[in-house]
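Residue numbering begins at 1 within each chain, and the chains themselves are lettered A, B and C in the order written.
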Amino acid sequence: MNTNSSNMMALAPNTSKKRETVCIFGTGDFGRALGHKMIQCGYHVVYGSRSTQISNLVPKDAEVLSHAEAAQKAAIVIIAIQRQHYNFLTPLAEILRGKVVVDISNNLKLNQYPESNAEYLAQLLPGARVVKAFNTVSAWALQSGALDASRQVFVCGDDTEAKEMVMNIVRALGLTPLDQGSLLAAQEIENYPLQLFPMWKFPIFLSLGLTAFFFFYCLALDVIYTYIYEHNNFSFFIAMTIPNRICPVVALILLGLVYLPGVLAAIIQLYRGTKYRRFPDWLDKWMLCRKQLGLIALAFASLHAVFTLASPLRSFVKWRNAKPIISQALNNKTEPLDTTNAWLSDSYLALGIIGFFFFVLVGITSLPSVSNSVNWREFRFVQSKLGYLTLILCTAHTLVYGGKWFLSPTAYKWYLPNIYMLSLVVPCAVLVVKFVLIFPCVDKPLTQIRQGWERNPKSSEQSNYIINKSAV
Amino acid sequence: MNTNSSNMMALAPNTSKKRETVCIFGTGDFGRALGHKMIQCGYHVVYGSRSTQISNLVPKDAEVLSHAEAAQKAAIVIIAIQRQHYNFLTPLAEILRGKVVVDISNNLKLNQYPESNAEYLAQLLPGARVVKAFNTVSAWALQSGALDASRQVFVCGDDTEAKEMVMNIVRALGLTPLDQGSLLAAQEIENYPLQLFPMWKFPIFLSLGLTAFFFFYCLALDVIYTYIYEHNNFSFFIAMTIPNRICPVVALILLGLVYLPGVLAAIIQLYRGTKYRRFPDWLDKWMLCRKQLGLIALAFASLHAVFTLASPLRSFVKWRNAKPIISQALNNKTEPLDTTNAWLSDSYLALGIIGFFFFVLVGITSLPSVSNSVNWREFRFVQSKLGYLTLILCTAHTLVYGGKWFLSPTAYKWYLPNIYMLSLVVPCAVLVVKFVLIFPCVDKPLTQIRQGWERNPKSSEQSNYIINKSAV
Amino acid sequence: MNTNSSNMMALAPNTSKKRETVCIFGTGDFGRALGHKMIQCGYHVVYGSRSTQISNLVPKDAEVLSHAEAAQKAAIVIIAIQRQHYNFLTPLAEILRGKVVVDISNNLKLNQYPESNAEYLAQLLPGARVVKAFNTVSAWALQSGALDASRQVFVCGDDTEAKEMVMNIVRALGLTPLDQGSLLAAQEIENYPLQLFPMWKFPIFLSLGLTAFFFFYCLALDVIYTYIYEHNNFSFFIAMTIPNRICPVVALILLGLVYLPGVLAAIIQLYRGTKYRRFPDWLDKWMLCRKQLGLIALAFASLHAVFTLASPLRSFVKWRNAKPIISQALNNKTEPLDTTNAWLSDSYLALGIIGFFFFVLVGITSLPSVSNSVNWREFRFVQSKLGYLTLILCTAHTLVYGGKWFLSPTAYKWYLPNIYMLSLVVPCAVLVVKFVLIFPCVDKPLTQIRQGWERNPKSSEQSNYIINKSAV
């Protein structure tokens, strides 16, 4: 195998080229991993340590000196020490004056301290040019070269030249530096690696809650009801039938919930006569997680599509399809084609397929690289126009699927509606309100409001700032 | 929900950290939105306005002064005024001398003025360091924090330091600055937000035209012909059967049209004996929208795949499949397996599936982030080699699908061929010509020409520049 | 069609705006293409050439002078000459002193020379500010404007100001410059365009080998055995049945091979009691191509999904499904539903669908733009947690598919197991070992080792450096 790929390049030692000397304070795991990597990439590394005795853990080609001696040997000092031990650096402030001091620390919790570690370090060392970097890279990734997710190194600092020096080291290690501006960005950079899909939490819990609710609803109506009243054991419905009922229902409800906050916001703006008053907090948060809601809806819709396409493979479906054929053969007759049924079945399938197609299209534009390559107008077109088209098609798909069953009393076991009827509530409400909102008499004032016009400029502005104050 | 995601970060006011003062000229919608956002991010904002009376619309924490006073308070002046009012700035030229003046304006039409707004501003204010920025961000996105599509802020300007100052503000607002070079790039940046998929227009209209043509063709042959001559009402074919005939046909024709211009270009180059003469304009444009044609072909192919996989769910198909089974049962016999039929049906399905698989593979490499991570040689390999493999497989799929029907007279209703026969014309022509082009006796001179060799250097060069001149 | 897209922008000549003069040494194909493009973008181009007679090939608006004269006219000199002719530049060293000299050359082989062409050039011209750029762009792409894959131009150099000047030209030509740091990066940049999916070679050959082996295995058992002992001609199995047996088997084995090296690495670390000793070379390489193995496994799994969903369309399957229906009709009875069978068939389908769903999810996070937008913790969660969930679900899918056949002697034709049984070996082994590794008594020391703890610090460290030395 050719080892000269860009992935492996960074692993290969090119010791023939000597780069500058870099000092690392601290011989912990990350300090050692970083030092090892830098030596591989041609840097000369000097460790600053309290004791020069534990040198057997440190890369062999590195020197180990006292902190003061080590710092004097290099223009760049990397602090691989935890924040609670930063105090010991104060006596070294004079030696570190003018040097590039790199803070690579992370915290255990989000916003653990009032100021970021890098800003705290800058306070301790007034003369040093503090740069924040490397905190998003793991020691394991540095050592193993498995740098798929962590190629990006966020760098920030107040001194442009110092930042450039650190970014050159980042590039030399085979990583991608991203300039995040001044040291004020350090807090954000330190919080970044602690997150685990923060924007996804609410949408995922919501969809899991809906799934659980509809699972028990279906279990009662499809398995338990059938067992009690018809003495059929359809427990195997749990594997395919019930999931394939839940998925489209959750997908349609979530898709409705993507467009509901936009409609609510329009009503609030129309009612208030201004766009300069802040929305309620729940609406703000809801609007910010619409993308996540939509993508989870797409996941459920995809599962529904595959479950449906796989249904002819099920032995239950084969058995159910064989029954009418055998009975026709036994009764010695061939039933003619029911054209109404053919229309219904074909159009509900076609609506579903085309709706799903547009849904996937909208989903593809949510990929970061695609949404970055379209402009605002194009993005709005896809997310708003194509999104509403998807909602209309999927709602129509469900309505046609229901067909004549809406009014049939046998569809209501235990007087409860089938779950696809429940799924129609949110999207139908959104579509009806949206339909009202595009009437010219409603659309015109709304457009004016969104362009900055206000019905009662004075009063609204005041209440705005009252609200903002209480929110801050 | 955890609010410390990078998306929401930009919304959170971190007023504890004071940044520099920024001046905004103009209290229109965008000026107010930008000022509000900057105050949230710790900047001190001073508005320059003709009248200091309309201050109730302006964010409360901002000062409102006259233009001259406001400009003197800040090193950066953002001009949130429309181009037609730029004249009023000429008296302020002296005050703005040396300051960073940020042009954020957009036009209503592409190339509305001979020079870009930013260059016009630079002419009006000779001493100012003009930077173009923020024009791709909408006021709505700034206020709502819904910055999915508009995180990228194109920045250009002739003064590097001024540009860096503006890029720091962009980063502080939670946006991503993209340095586009000198102020000459301003025209392009101003045109950018006015576009709505310009490269997609021709491919989309072409595919819609083809779809409409084939729809009426199929309607005539499958529904009207059947109704007239066989007295069957197959109107429900409109929902599923006809779309599933149109989709593969349009997909195959578009895929052929992706590779046709390359073949035409090779013929033209061989005929002319040089690559230094410009292609006809239509061929140039056609070659530039091949990616879009290919992606639309992929969309139609995907629809065809899903329509086909969903067909066993149709009540018409169930009824049609049941007929031979019932007749076998009634006639008391079991028909043996027709091996030829099994071979035909299996191989046409397998060819289609593998062709679609490679088509999707080629489509994935069209994603911006994937095509950016491969080099030119790899991209050519996928787009050319795998693309032709896809074309061969899809053409073979259609040929095997046709099978023995090509020569059967019953396949020609009203003496018209079935549409899958029409779809074979373009791809077969491309494949035949391409087959000729890879013969060594043709391939060798073509390769030489593409490496810069010319049959008649002198004459071709002259005509080249005559052609270029007339084109300019 | 609107021609003002960002793709076509770079093609449009904006000759009204004059930029600085650029000198190009060499009138070969790339030199001419680059000069033509630069003239279109407003630069004044001067060619340096041995003979000023061959000017008819050169763009008409360009001057052609001797090397020395041309170099004196511009601050930037682009060397469009092959490395073996660089010697002729030594007499010009004095003229090129202080100028920005751009090396755009590529080699024919990886690491053809001990030092990169750009570094060699810098040695020849000690006073010049050498910048490496443009080598990843092809002449054809520059001329045709088909810049999809080659928009990125890697730039490196030791002089920041020189680099910035070159990056401005790159931007003016409509390309995207990527700063790769100092001139030490030139070797990597020169190797880049010569690669053809280096990381993919081993995974692709492995999967093709597995596919070939299982193809002949299936051919023997399904076609030849049936032909010899049952006198049935099932040769058409080659088209659909056998591919659909091979795909899931190869997919599952490859997926197992993705997680096997991680498990082996854990065992090695536990055995050695340290993480600071280098893994064997084969394990290192294996770990680095896990992403590629996983994506190929996903491709095979996708093919399996589509083959399976398409199976109801096969005429063989229709014939096979009709047989029991006809026999029921002829025997005048309706068989009741076999609930055990329904459970088995539904749960194996459901496991497969959900496993495939998670597999696709893991695959999507492998897209560069998605993996760049998640942090290390999120990436590990998806790749490790969701990856193992996928492996468990897919293994369970295969186990339930096997169902009661494992113990049935009729499943062993020629005493050979069915291939799905072979596919279970690797994933089951991985899951069993992983299950052992998550026991607290094993997990605790492993976690300690991975955080830097060592069982025998002294001895392991020494052997580490002995090993490392022999490896270097």
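The working rule: a residue touches a chain if its C-beta (ideal position, glycine included) is under 8 Å from a C-beta of that chain, and two chains touch if they have at least 3 such contacts.
If you're wondering where the values come from, they're calculated on a predicted model, not measured in any experiment.
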Discussion item. Are the interface residues of chain B and chain C largely the same numbers on each copy, more than half shared, or largely different?
Written reply: different
Practice prompt. Please report how far chain A has to rotate so that its Cα atoms sit on those of chain B, a copy of the same sequence, as a value between 0 and 180° in steps of 5.
Written response: 120
Worksheet, complete the sentence: So, in whole Å, the Cα centroid of chain B is separated from that of chain C by 24
Response to the item:
Each of the following residues of chain C touches two or more other chains, namely 192, 195, 309, 312, 325-326, 329, 367-370, 372
Worksheet entry | Residues of chain B defined as touching chain A within the complex | 1-9, 13-15, 17, 19, 28-29, 32, 42, 56-57, 60, 136-141, 143-146, 148-152, 164, 167-168, 171-172, 192-197, 233, 235-236, 239-241, 243, 299, 302-303, 306-307, 309-310, 312-316, 318-319, 322-323, 325-327, 329-330, 367-370, 372
Worksheet entry | chain A residues within the chain B interface of the complex | 110-111, 160, 179-182, 184-185, 187-188, 191-192, 195, 198-199, 201-202, 275-276, 284-285, 287-291, 305, 308-309, 311-312, 321, 324-326, 328-329, 332, 334-335, 337-339, 341-347, 349-350, 353-354, 356-357, 361, 366-381, 383, 450-452, 454, 457-458, 461-462, 465, 468, 472
